[in-house]
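Structures for review follow.
One chain, chain A, links the two complexes that follow: it is found with chain B in the first and with chain C in the second.
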Partner chain A sequence: MSVADANTAANALDALSVDNTGWAADARSSALARLREMGLQTKRDEYWRYTDPATLTSQDAPQAALFDAGEKPLFDDVERLKIVFVDGVFDAEASDDLSLENVEISRLAETASADIHWAKTLYGTLESNGQDPVERPLAAMNTALASDGVLMRVTGKVSKPVSLIYRHKSESSDAILHHVIKVEQGGDITLTENGPAAARFNKVMEVDIADGASFHHVRAQGRDHERRAVTHIFTRLGAESTFKSFTLTANGVLTRNECVIELTGDDAVATVAGAAVGDGVFHHDDTVFITHDAVNCESRQVFKKVLRNGAVGVFQGKILVKEGAQKTDGYQISQSLLLDEDSQFLAKPELEIYADDVACSHGSTSGAIDEDALFYLQSRGVPVKQAQDLLVLAFLAEALEEIDSDALSEALHQRLEDWLARRSA
Partner chain B sequence: MSLDTDVKEGVDQETVDAVREVGGAYKYGWNTEIEMDYAPIGVNEDIVRLISEKNKEPEWMTEWRLEAFARWKQMKEPEWAMVDYPQIDFQDIYYYAAPKSMAEKPKSLDDVDPKLLETYKKLGIPLKEQMILAGVEGAEDIPAEGRKVAVDAVFDSVSVGTTFQEELKKAGVIFCSISEAIQEHPELVKKYLGTVVPQSDNFYATLNSAVFSDGSFVYIPKGTKCPMELSTYFRINAENTGQFERTLIIADEGSYVSYLEGCTAPMRDTNQLHAAVVELVILDDAEIKYSTVQNWYPGDEDGKGGIYNFVTKRADCRGKRSKVMWTQVETGSAVTWKYPSCILRGDDSQGEFYSIAIANNMQQADTGTKMVHLGKNTKSRIVSKGISAGKAQNTYRGLVSMHPRAKDSRNYTQCDSLLIGDKCGAHTVPYIEVKNNSSRVEHEATTSKVDDDQLFYCRQRGMDEEEAVALVVNGFCKEVLQALPMEFAMEAQALVAISLEGSVG
Partner chain C sequence: MQMTLVLVVKNVSKEKKMLEIKNLQVGLEEEDKQILKGVDLKIGAGEVHAIMGPNGSGKSTLSYVLSGKDGYEVTGGSAVLNGEELLEMEPEERAAAGLFLAFQYPVEIPGVGNMTFLRTAVNAQRKARGEEELSAGEFLKVIRAKAMELEIDADMLKRPVNVGFSGGEKKRNEILQMAMLEPKMCILDETDSGLDVDAMKLVSQGVNALRSEGRSFLVITHYQRLLDHIKPDVVHIMANGKIIKSGGPELALEVENNGYADLLAEVA
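Then we have the complex of A and B:
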C-alpha cells in the first residue's frame, strides 16, 4: 500500500459512522473504534501473506457479473426453514415464517430500534475476543456496519435445519451481514447457508454454545465466478458441547473464510472442515484459529482443495493450546490436489502449545493425482477421465465425511459430481 | 547418562573418555583470564575500519564492510521470531577482542600463555593441536596422536590457529582463517563472499558483514575428497564481547568435505551476542556435510546470562547433482534464532536438514530451515526434533518452497516436539508454498509428551527417572543423532542428557 493509499484508507475509516440508536449501538461504536485503531489490513500483514485483501478493503466493491448455473437450488429436497437475503437485503416473500419450535428467530434490522434484546450481550463480543492475538479488521468493520443479520436463540432440539439463502441480483452489491446464534444448554440446531450473496460479501457469525449444546453448520458458497467473500465465524464452546462446520466452495474470484474457535469448557469437541474446487481465476483461503483453554477437548481440521488452471488454494491453520489445557487432542490436515502445472497451494499449518499432556498433530501434502492409483484403475478398464474423477471425488470425500447429516452430505456430493461432469464435458 | 554400556565398534577410547567427561552441568562455563586486546566499545565506521585494519585487509574488503555498515544503520531488528529478550544495546558491546599473546609467535609451548593452553585442554583439544593453535613454531612437524581432525579455533574475535594445514595443502585443500584467506586467496574470497548471504540479507547478517572479525575459510578443489574432517571451535571468552565469525566453504566440482563446528562460552551474568554467517557454495556433483554442536552457555535456571545466538547459515547448491546436509544439535544459548537453509538451484540437487533443538529452564529457541527448490528434480528432507523442558519455549519455523520451474521435485518434512513439564512451550510454524503440480510435498508434525509407558518400562528396569527420560529422549532424537559423524554423535548424545538435567520431578 502506498502512502497515498494508506491516507485514503485512513480518511475512509475516519469518515465512517455507525447507527447509534437501539441495543446494538454501543457494540457498533466500540467496533468502529477498534477498527480505527487497527486500520485495514494490507498484503504486507503476515496474516494476509498469501491473500491480497485489497479488493476486500477497497471503498467500492468490484463489479461481479451475475451467473446462472442452471441447476436445481441446493438443499431443495431437504425439509428446512428458509430465510432469504437478496444482495444482503431480507426478502420476506421468499422466506418462510420465522417461527419454529425451540428456536427464537429475529433479525438485526427489524429489532435495531429496540433498546433491549437478548443478543445485546453477545453482538460483537465474540468478534472482539477474537481480535487477540491476531487482528481481524474486516470483522470489526462488519460489527460496526452490518445492515442486517439473523439473531437466533436455541433452547432445545430444533426439528429441521434453518437455512440461510443468499441470492445475488445486482452486479455491484456490497453486502454486510452479521448473525448471532446463542445455543442454550440442551440446544441442538443445524444451520445451512448457501448462495453467492453479493458482488462482495462480508459476513460475521457469532456462535455461543452453552454446556452440553450442539451446533451444526453446513455451507456451500455460491458459484458466481466473479463474486468475492470474506467470512468470519467466531465461536465459544462450553463444557461437553459440540461445534461442527463444513464448507464447500466452488468458484468465486476471491474467498477468505476465517474460523475462530475457543474451547472454554472441558470435554468439548470442535470440527471445522472444507472442500474447495477451483478452476481458473480462483483464490480460496481457509484460515482457522483454534484455542484450547479447557481440559480434555478435541479439535479437528480437515481441508481439501482441488485446483487447476492457475487456481490458488491457501490454508492457514493454528492450534493454540493454553497452559493447563491438558489432555488436548488436536488434529489438522490440509491437502491439495493440483491438476495442472499452473495451480498453487500455499499453507501455513501452525501449532503453539503450552501444555505437556497433549497429542497434537498436523499434516499437509500437495501433489498431482497419484499415477499408480490412476494406472490401477485404468488397468481395470476404467477410462482415464473417469478414473481421474473417481480419484478426485475420493480425495474430497474425506472432508465431506465430517458432515453428520446424510441428506446434506448427499446434496453436496451431487454438487461435486456435477462439477466433475461439467469439467469432463 | 551411563556410558558403561556397549560402545560401538570403531570408536576409540579417547572419544569414549571425552564423552564420559561431558558430565555434570555446564562443563564449559569456566573463564580464562588472559590479557585481551580490545577495540573501543560500540560500533561505528571507525570500528569497522579498525577491525579491517587489524586483519590487514585490502581496500576492497574495507569498502565491502563499510557498505554493509551503511546498510545496517537503516535496518530494524527482526521481531517476528517467538523469542522475547530485552532490547540489545548494540553500542554496549565490544566488537573486537583478541588474546594479546597472539601478537608474537611463541617458540615452544613453554612460551605460550599457560591460560590459553589450559583453555584448549579444557576444550579437549589434543596436545599437538594445542601447540599449533597456540602458534608454536614448527609444531606442524611433530607427529600427531590419535585420529586426525583439522581444527581451526576462534577465540573471541580471532582465529588463534589452524592445524594440519600442510597435510591439507598436499591435497590442494585450503583450510585457514578467513582473515588469512582474504590476504592469501583474495580471488576466491572476492568471487564467493556474500554471494550466498548478501551483505544486506538481514539485520544480523548485515551487522556481521560489517564487523566480522574472523572465521574459517575452506576451499576443496575439483574432484577432491577432503582427506580428513575439518573442524572449527568457537569460544566466546571475554566479557561484553560480541562474536561475529564468518565461515565460507566452497566445494568445487565433484569434491566432498565434512565440516564440524562446536561452540562454548563461559558462564556470565550478562548476555553476550553471537551473530555468525556461514556461506556454503556447492558446485556440480560436490557435497558438503556440515555438522554443528552448539553448546553456548544457556544462562542459569532463572534465565540470567547466556548467549544470544542469532545466526544466518545458508547453502547454495549451485551445481547440478550437488548435495548439502546440515545437521545441528542445539542445546545451548539463552536465545537461538537460526535457520540453516538450502537453495537448490542446480538440477537434481539435494538438501537435507537434521536438527535436535533442546530448550530447558528459561531458554528460547526459534530454529528451523528453508528449502528453496529452484532446479528440476531437486530433493529435500527435513527432520526436526524439538524438546522443551522447564520454562523453555521451542519453536520450529521453516519454509518449503517449490518454484514453478522446479518440476518433479520432492520434499518430506517431519517435525516432532516433545514436552517435558507443564510450564514449557513447543511451537511449529511451517510455511509450505507449492507452485507446480509435478512436485510432491509432505509435511507432518506431532507434539506429545514423554510416553508414560516407556518411562515406566525404564524405571522398572532400575533406571532413575532422569536416566529414563534421557534414554527416551535419545530414542526420540535417534534419526538425527545417526546423521552426525561418530565423535559428534557421542558428544551430542551425552549433551542431550545433560541439557535436560533438572527437568524431571
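Then we have the complex of A and C:
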C-alpha cells in the first residue's frame, strides 16, 4: 500500500460512523474504535501473506457478474426452516415464518432500535476476544457496520435445520451480515448456509455453545465465479459441548474463511472441515485458529482442496494449547490435489503448545492425481475423465465425512458429483 | 447332419483368432531401455495360454503394454484383438473391446468403495458398447452371487478398493472384477502369487467357470501348480523380452523340474 492509499484508507475509516441507537450501539462503537486502532489489513500483514486483502478492504466492492448454474436449489429435499437474504437484505416473502420449537429467532435489523436484547452480551464479544493474538480488522468492521443478521437462541433440540439462503441479484452488492447464535445447555441445532450472497460478502457468525450443547454447521458457498467473501466464525465451547462446521466451496474469485475456536470447557469437541474445488481464477483461503484452554478437549481440522487451471488454495491452521490444557487431542490435516502444474497450494500449519500431556498431529500434502489408480480405473473401462472425477470425489470424501447429517452430506455429495460430471462432459 | 454342423461351428471357432501380437518391441519412455524385443504370440478364441519366464523378462511389461499403461514406448510391431489394433486405443477402449488384466499388484484406491468402483466399471463398459446400464438392484444381485462364489464377503465389497485387503483378497477381488466385466481376453499376471492353497482353488474355479469358446486367457505364472488347476493349451517361455520357446503343458513341467537354464542355453 502506498502512503497515499494508506491515507485514503485511514480517511475512509475516519469517515465511518455506526448506528448509535439500540442495544448493539455500544458493541458497534467499540468495534469501530478497535478497527480504527488496528487499521485495515494489507498484503504486508503476516496473516495475509498468501491472500491479498485489497479487494476485500477497498471502499467499493468490485463488480461480480451474476451466475445462474441452472441447478436445483441446494438442500431442496431437506426439511428445514428457510431464512432468505438477497444481496444482504432480508427477504420476508421468500423466508419461512421464523417460529420453531426450541429456538428463538430474531433479526439484527428488526430489533436494532430496542434497548434490550439477549444478544447484547454476545454481539461483538466473541469477535473482540478473537482479535488476540491475531488481529482481524474485517471482523471488527463487520461488527461495527453489519446491516442485518440472524439472532438465534437455542434452548433445546431443534427438530430441523435452520437454513440461511443467500441470493445474489445485484452485480455491485456489498453485504455485511452478522449472526449471533447462543446454544444454551441441552441445546442442539443444525444451521446451514448456502448461496453466493453478494458481489462482496463480509459475514461474521458468533456462536456461544454452553455446557453439553451442540452446534452443527454445514455451508456451501455460492458458485458465482466473480464473487468475493470474507467470513469469520467465532465460537466458544463449554464443557462437553460440540461444534462441527463443514464448508463446501466451488468458484468465487476470492474467499477467505476464518474460524476462531476457543475450547473453554473440559471434554469439548470441535471440528472444522472444508472441501474446495477451484478452477481457474479462484483463490480460496481457510484460516483456522483453535485455542485449547481446558482439559481433555479434542479438535479436528480436515481440509481438502482440488485445484486446476491456476487456482490457488491456502490453508493457515493453528492449534494453541494453553498451559493446563492437558490431554488435548489436536488433529489437523490439509491436503490439496493439484490437477495441473499451474495451480498452487500454500499451507502453514502451526502448533504452539504450553501443556505437556498433549497429542497433536498435523499433516499437509500436495500432490497430483494417483496415476496408478487412474490407470487401474481406466483398465476396467472407466473413461479417463470419469476416472479422474471418481478420484477427486474420493479425495474430498474424507472432509465430507465430517458432516454428521446424512441428508446434508448426501446433498453435497450429489452436488459435487454433478459439478464434476458437468465439467467433464 | 446336425452333428456335422456342430463340428463345423466348433472348427471355425477354434481357428478364430483372439489376440495376435506381432514382433512387439517396447522400450521405456523415460530411459533408453528396450524391454520387449520382438514378441510374437497368437491366441485363438477359447484358448488358454500360459507364459512363464525368469524375473524381469518382460511378462508384466507385456501385459501393461497390451492394456495401455503410460510410460512405455512401442517402437515396433502390433497387437490385434478381435481384428482391432489395440496399441492405438485408450486403456478404457481396450477394456470395452474386451481386454482385461488381472494385475500382479492390484492398486489400492482410498475413498472409492469397491462396489461403486465395480458398478462404475460395468456400466461404463456397457455404455461404450451401446448397452443399457444396469440398475443398482440388478447390479447388486449379480455381484452378490459372484462374490459368494469367490468367498468375498459383503464387507469387502463395501470397503475402499483393495485398501487393507490381504494379498489373497486382492487377487480374489481381481477375479471378481473379471467375472463382473465378462471380458473376451483375460490376462492374469501372477494371480496365483500370494494365494494359499484353498484360495488358489477358488480362483482357479472362478477362472475355469469363465472358460468358454468366446473367451481366451493368457496366464502369467511362475509355478506349474496353477496350471494344474487351469489347464493351458499352450505354454510359452519368455526370456529377455522375447518368447524363446512354445509348447504344450509339458513345457511347464520341464521348467518346474529344471528351471530355465537349459531353455536359455538352447537359444543362446
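Assorted remarks:
In this text, the second predicted complex is superposed on the first by the 425 of 425 C-alpha atoms of A that agree within 3 Å, B and C clash if a C-alpha of one lies under 4 Å from a C-alpha of the other, contacts with A are read in each partner's own complex, and residues count from 1 in each chain.
As a working rule, a contact is a pair of C-beta atoms (placed from the backbone, for glycine too) under 8 Å apart; a residue touches a chain by one contact, two chains touch by 3 or more.
Given the structure is predicted, the values throughout are model-derived calculations rather than measurements.
Contacts of A:Arg44 after superposition: neither chain B nor chain C is touched. Once the two complexes are laid over each other on the shared chain, residue contacts for A:Phe395 go to chain C alone; chain B is not touched. Look at A:Ser379: by the touch rule set out above, it reaches chain C but stays clear of chain B. Once the two complexes are laid over each other on the shared chain, residue contacts for A:Gly367 go to chain B alone; chain C is not touched. With both complexes placed on chain A, chain A has more residues touched by B than by the other of chain B and chain C. Of the residues of chain A, not a single one touches chain B in one of the two structures and chain C in the other. Of all the residues in chain C, the ones that touch chain A in their complex are 67-70, 90-92, 94-96, 100-101, 103, 106-112, 116-117, 120-122, 124-125, 128, 160-161, 177, 181.
Listed in rising order, the residues of chain A touching chain C in the complex are 370-373, 375-384, 386-387, 390-391, 393-395, 397-398. Across the complex, chain A meets chain B through its residues 46, 323-324, 326, 336, 338-341, 343-368.
Listed in rising order, the residues of chain B touching chain A in the complex are 80, 404, 407, 417, 419-449.
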